[in-house]
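This report concerns only the one structure given below.
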Amino acid sequence: MTKPFKRILMTGAAGGLGQRLRPHLGQFADIVRLADIADLGPAGPGEETVRCDLAERDQVLAMCEGVDAILHFGGVSTEVEFAPIMQANILGMANLYEAVHKLGIRRVVFASSNHTMGMYKTTDTVDATMPPRADGYYGLSKVFGESLSRYYWDRFGIETVCIRIGYCFPEATNHRQLATWLSLDDLVQLLRRSLLTPRVGHTVTFGISDNDGKWWDARHSRFLGYAPKDSSAQFADQVYAGQVDWRDPDDITLVYQGGVFLNNGPKYKP
Amino acid sequence: MTKPFKRILMTGAAGGLGQRLRPHLGQFADIVRLADIADLGPAGPGEETVRCDLAERDQVLAMCEGVDAILHFGGVSTEVEFAPIMQANILGMANLYEAVHKLGIRRVVFASSNHTMGMYKTTDTVDATMPPRADGYYGLSKVFGESLSRYYWDRFGIETVCIRIGYCFPEATNHRQLATWLSLDDLVQLLRRSLLTPRVGHTVTFGISDNDGKWWDARHSRFLGYAPKDSSAQFADQVYAGQVDWRDPDDITLVYQGGVFLNNGPKYKP
Amino acid sequence: MTKPFKRILMTGAAGGLGQRLRPHLGQFADIVRLADIADLGPAGPGEETVRCDLAERDQVLAMCEGVDAILHFGGVSTEVEFAPIMQANILGMANLYEAVHKLGIRRVVFASSNHTMGMYKTTDTVDATMPPRADGYYGLSKVFGESLSRYYWDRFGIETVCIRIGYCFPEATNHRQLATWLSLDDLVQLLRRSLLTPRVGHTVTFGISDNDGKWWDARHSRFLGYAPKDSSAQFADQVYAGQVDWRDPDDITLVYQGGVFLNNGPKYKP
Amino acid sequence: MTKPFKRILMTGAAGGLGQRLRPHLGQFADIVRLADIADLGPAGPGEETVRCDLAERDQVLAMCEGVDAILHFGGVSTEVEFAPIMQANILGMANLYEAVHKLGIRRVVFASSNHTMGMYKTTDTVDATMPPRADGYYGLSKVFGESLSRYYWDRFGIETVCIRIGYCFPEATNHRQLATWLSLDDLVQLLRRSLLTPRVGHTVTFGISDNDGKWWDARHSRFLGYAPKDSSAQFADQVYAGQVDWRDPDDITLVYQGGVFLNNGPKYKP
Amino acid sequence: MTKPFKRILMTGAAGGLGQRLRPHLGQFADIVRLADIADLGPAGPGEETVRCDLAERDQVLAMCEGVDAILHFGGVSTEVEFAPIMQANILGMANLYEAVHKLGIRRVVFASSNHTMGMYKTTDTVDATMPPRADGYYGLSKVFGESLSRYYWDRFGIETVCIRIGYCFPEATNHRQLATWLSLDDLVQLLRRSLLTPRVGHTVTFGISDNDGKWWDARHSRFLGYAPKDSSAQFADQVYAGQVDWRDPDDITLVYQGGVFLNNGPKYKP
Amino acid sequence: MTKPFKRILMTGAAGGLGQRLRPHLGQFADIVRLADIADLGPAGPGEETVRCDLAERDQVLAMCEGVDAILHFGGVSTEVEFAPIMQANILGMANLYEAVHKLGIRRVVFASSNHTMGMYKTTDTVDATMPPRADGYYGLSKVFGESLSRYYWDRFGIETVCIRIGYCFPEATNHRQLATWLSLDDLVQLLRRSLLTPRVGHTVTFGISDNDGKWWDARHSRFLGYAPKDSSAQFADQVYAGQVDWRDPDDITLVYQGGVFLNNGPKYKP
């Protein structure tokens, strides 16, 4: 069967999501180039691997050579000191799009994050036209990535789908996870739609399954044709069994969408 | 099984909706306190009953003592003279929230009404950000209740879900009822979501089932996770059989969402 | 069984959609009057036929006499020189509504077109409050029809549902058709809802099935109760098999919703 | 010179604003009827006086007889217990509009208040389409008045201009007063525009002078033609002299538009 | 002094506005070509004249040859039968833009009309993003002109400023004229800004002076730098002297912005 | 006379704007601390100077010690390679707010830039609720600064006014400069209002004088009370004399608000 692309690149392939997605990428291209700063193990059939530090301009350029499209999942994905986040997620993005521009690559799917909007309240409904409200350095670096890719679209016509990924783990175990849960199959479908839709321009969308409770409204990206098949409803009874968990009026991790990320990171160390 | 609350209070428990809801409340709390100005009959297992005139400040304070959360369904629910509506629905609300504030109760679910928006047209789609358009004294008293509870949220952090309840009867028999129908099971689910969601702030939502035709758009309260299971579509064929019922161009009960309420009440008496 | 109307009129009954709809109209009225400038063949049971040139005021008046409601599908439906479009679609609409006004007919369902918004991008989500963006003479004539019918509502109280019909053919064979596909059954349901809803005022709605990818958002006309049962998802696998079709960066038919209509018509002839 | 009206009524004429406005009302009508629950002193030329308790339905009806238009400034204007506010401002309004409706009076100018929006922040810009956010019982009673008058417009065609009056005193002495200051001359002009504009429907507008800093945006009522001639800029230098007054981070009277009203009233008594 | 253009064309130069504007056009171009279906008198210095029936394609093409920019004031400007409006204003516009496109002319200033929005109420504030609401055939033809010019911008990059001209006569003598008044000097300034601004895209703006009362909000076209110097305030005292003119509750010419146009035209003849 | 603050800090005091502002800062504080990476010359009366590299965390912390408020004008202000912009404007901002947070400083006035929105068109009207559209690395770094300061407000209550400064030079010499011109006096006033307003939260405002043509709408920050006294209108006649400058249809510096910045920088080097 003819595949959509000759070669696609996935960065961050050794990370948590990267490892789970890896077996599902073969459908998109004859060759899947996997990149990471960490070890990727041996390349399987239809795979090739690259070691790359995103903060290194030349490595990034080399990594991108010859690919048709990029799934950019690389970088730091937790709340740590600003310096490493800046190197991987800010300088890394600048390096990546410089390479994309030089090489004439036309589309990127960018793994953005719900932490771009972590300071919205859990009673808010956020859509893609509302200003980001990051909840820490990590979220701020993802906002930067969205702005940078927007610039490359506005000025150079390079297309990007920014997916603000929710809680993509096998099970949802609390209220926040119920609202933000994303199944792996739904994520794969969303990547597929982001790659195959003929025109995407610069689009911010939300990576969640068809959960009952939602904080995010994807109406502006319906053109992608993403139709999630899974729902966190399967986990709801267990989560809501027992006494209500809203008794502590001072718990800001229940007030803001960012949850525990609000209290993570070095800014809170003594 | 552990229940979410120790004790909840339902006011208006002897009214139409109150009676139908009563058997479904046991899931929410170890003790369900039922209150009304009318007789409530004997208390069942897990129930306790209170007689209370909402216009009497001291009675209201006593009624609220010791409860974790309140389902406020009490008051006048038809279009009558202003005086009794003012006593039960306006002074009653003021008394209730004064008590809630004094006693440190943190959440109320308020049975508001679609008559807060009865002067919108049947061709309008109303959401929670649009200004109320009451269709009479009753609707105005519910708008007051929404404003008052908003104030108690803004100023004192007391949370309220205002449910603008549609047509909650077993069957829908005309076009208006099809659009506004709410099954009892869906109402129970909505109460459950309003009670268990960790943070609700001050939220206005709409109590309708998953009907085909809708006048109201609940997008701003999707975070509640309310997912109606029923639909008025089951009644549609019977309603639309026969000649179209729109022949009288002067019938304002077809033009405005409030329906027959527009022509009810003492203002129209000769 | 009593039918909703005594007599309805369908114009354009010899056209592509007209022929496919004809067998489904009997449910709406005791007598279905079919009109066209072309031959309609013999009238079947419950049918009557009229030859009518929409540009001829007197013929249009005669065509409309005695009907309760009109399904207006007549006129030019392709991108040609301006003169014939003006005669059939602009003068024709003016003639039709003049007749409707004179005769006291209260409702029209107008077959508008997605080409009223063909200059929106395929990454846009369009709703009924956004300004039209026609993609040619044909689209402009439909925008005129929507404006004219709005005037007759604002000034004279004549109700119209403008249906911006998508791609109404048996199969969808490319990305654009997947996004805009409308099954015949869903169109019949939408006509039914447009005719039977007691009040419709002046409503612009979108004629598409429940497709996964959507460019149009019908939230402002949910009151119609249209609930499509079909979806273009059945055609998606075949459309997206093989290499991605977005490789030509200069192909404006992928950028704009109007698709190939953008390059049709006499304006592009040498 | 012919005056616009034969007879107008001003309620609350013995109150603070009422007394200052009284000498300016003669331009509007041959006869100015002044009403209050308190003593109004002797009637001057072109004046007549009425004692009226707004909570008394019959007195209100009598007070309104024979007038062409009403300036409704009556009621409680401070934050006190709910009961007296309800009597004068809620029951009083209901009585007033019942009388207006019975007597066929076509227009009311209602002295609403900025305390209908006192829970907005001093960094917000509020316009007439945004939901009210009252800051206490007094503000809530004014929100009720706006809702009630809206209903009488929607249902009965009685026109009202609701003026959310700012700080109408001779001098502004702090930041809040600078933002909300209204000169008497500008208020008189606004009353004039509210009375003379041929159609006003139901309009919410803002009573402030042409101050440099503004919290309110009157763009939706520009049709009134109100063009303030005064500005609080004359008081700014004196207010901002000396050390900045924002040093207390816990002072909510600087955060919310309602200012000291937030801490007034019986709810805060020990 | 170097003038901005070599040659500009003004259509409708024999009409009411055309005649008043003619002496002011010399500042814009070395040669001002004046066109009309009626006699234009002898050409003055720097002028040339052309007779042209806008409904005649070839005449229109000839009229446009060699010009840098067009001020399109031609066509029917009153409410008459549809046929002549269609010929001059609809077919005429189609002919004009076909010529503009063929000849590579880059900018048109189109004299649109406030009757594109005559069915808005006199209590509405209309801006350029709101849908037109024409008040008759004339207004509908101007809406068509706005749509057509939008299409030529979207598809071909031809720039147009659509000026919805108010009441452009020496004096304002009633409320409607006060709200919509435009001085000739301000109109000349607006034409100048429309011609000289480097990029205008497709812009809808409002031709009114700096009147106190306004129905239209030009915030979306502030980039034009139009700063009116005149105001209808000079006529207000005379207009508002005497008894208020709003006593007839059934006078729709006070309710809708279109004023007497609502009752003009052949549709109202017996 | 008592001054508003004891000590304020201005960064970037050796830069172009810094030098022009320096003589005007004495009104704000007893002591003005001036900081820059470049030489600041000798401190005048009431001044103290600090050398500081913003990319150096410890230097930044030291620079901020003991100040009440900060005017942050430091960093790179042209379009150069990403690395130096990242060091000064991104890492520099992170260092600054870390220090502000540690030291309990409550307010920053941040010199943001119009290049945060340079990819909007010159026909757009931009307000503070619309998403940024940076026109290069410099603009992107300012967007980052706005996001970062938003985070410190949302999470820690540190207040910032972000001023998107226009063209702040003595004279405007082309169309873009006319639209974006800001006089020094108006800038000083805007700084004053940003410092003295009791509460500013996180506010994005626009630094322009009262020019005739405007691309930016500051309605959301009117509460600041900024009332510009100057206008670029004084330069307009000279700018618009001679032939229109819009003849090159391919000149993107006329299409986008960023002007020549769009073509600056290393991305365009061969």
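By letter and in written order, the chains are A, B, C, D, E and F; residue numbering begins at 1 in each of them.
In this text, contacts are C-beta pairs under 8 Å (C-beta built on N, C-alpha and C of every residue); 3 or more make two chains touch, one makes a residue touch a chain.
Quick caveat: nothing in here was measured; it's all calculated off a predicted structure.
**Q** Give me the chains shared as neighbours by subunit B and subunit D.
**A** Shared contacts of subunit B and subunit D: no chain.
**Q** As a quick test, compute the distance in whole Å between the mean CA positions of subunit A and subunit D.
**A** Centre separation, subunit A to subunit D: 52 Å.
**Q** Need the CA-centroid distance for the pair subunit D / subunit E, whole Å please.
**A** Chain centroid spacing, subunit D to subunit E, equals 41 Å.
**Q** According to the definition of touch, which chains form touching pairs?
**A** A-B, A-C, A-F, B-C, B-D, C-E, D-E, D-F, E-F
**Q** Considering the complex alone, what residue numbers of subunit C touch subunit E?
**A** Per the touch definition, subunit C meets subunit E at residues 82-83, 86, 90-91, 94, 98, 101, 119, 129, 131-137, 139-140, 143-144, 147-148, 150-151, 154-155, 262, 267.
**Q** Could you pull out which subunit F residues touch subunit D in their complex?
**A** Within the complex, subunit F contacts subunit D at residues 1-5, 106, 157, 193, 195-201, 203, 219-227.
**Q** Quick check on the complex: what are the subunit D residues that touch subunit F?
**A** By the definition above, subunit D touches subunit F via 121-125, 175, 178-179, 211-215, 217, 233, 236, 240-246, 249, 254-255.
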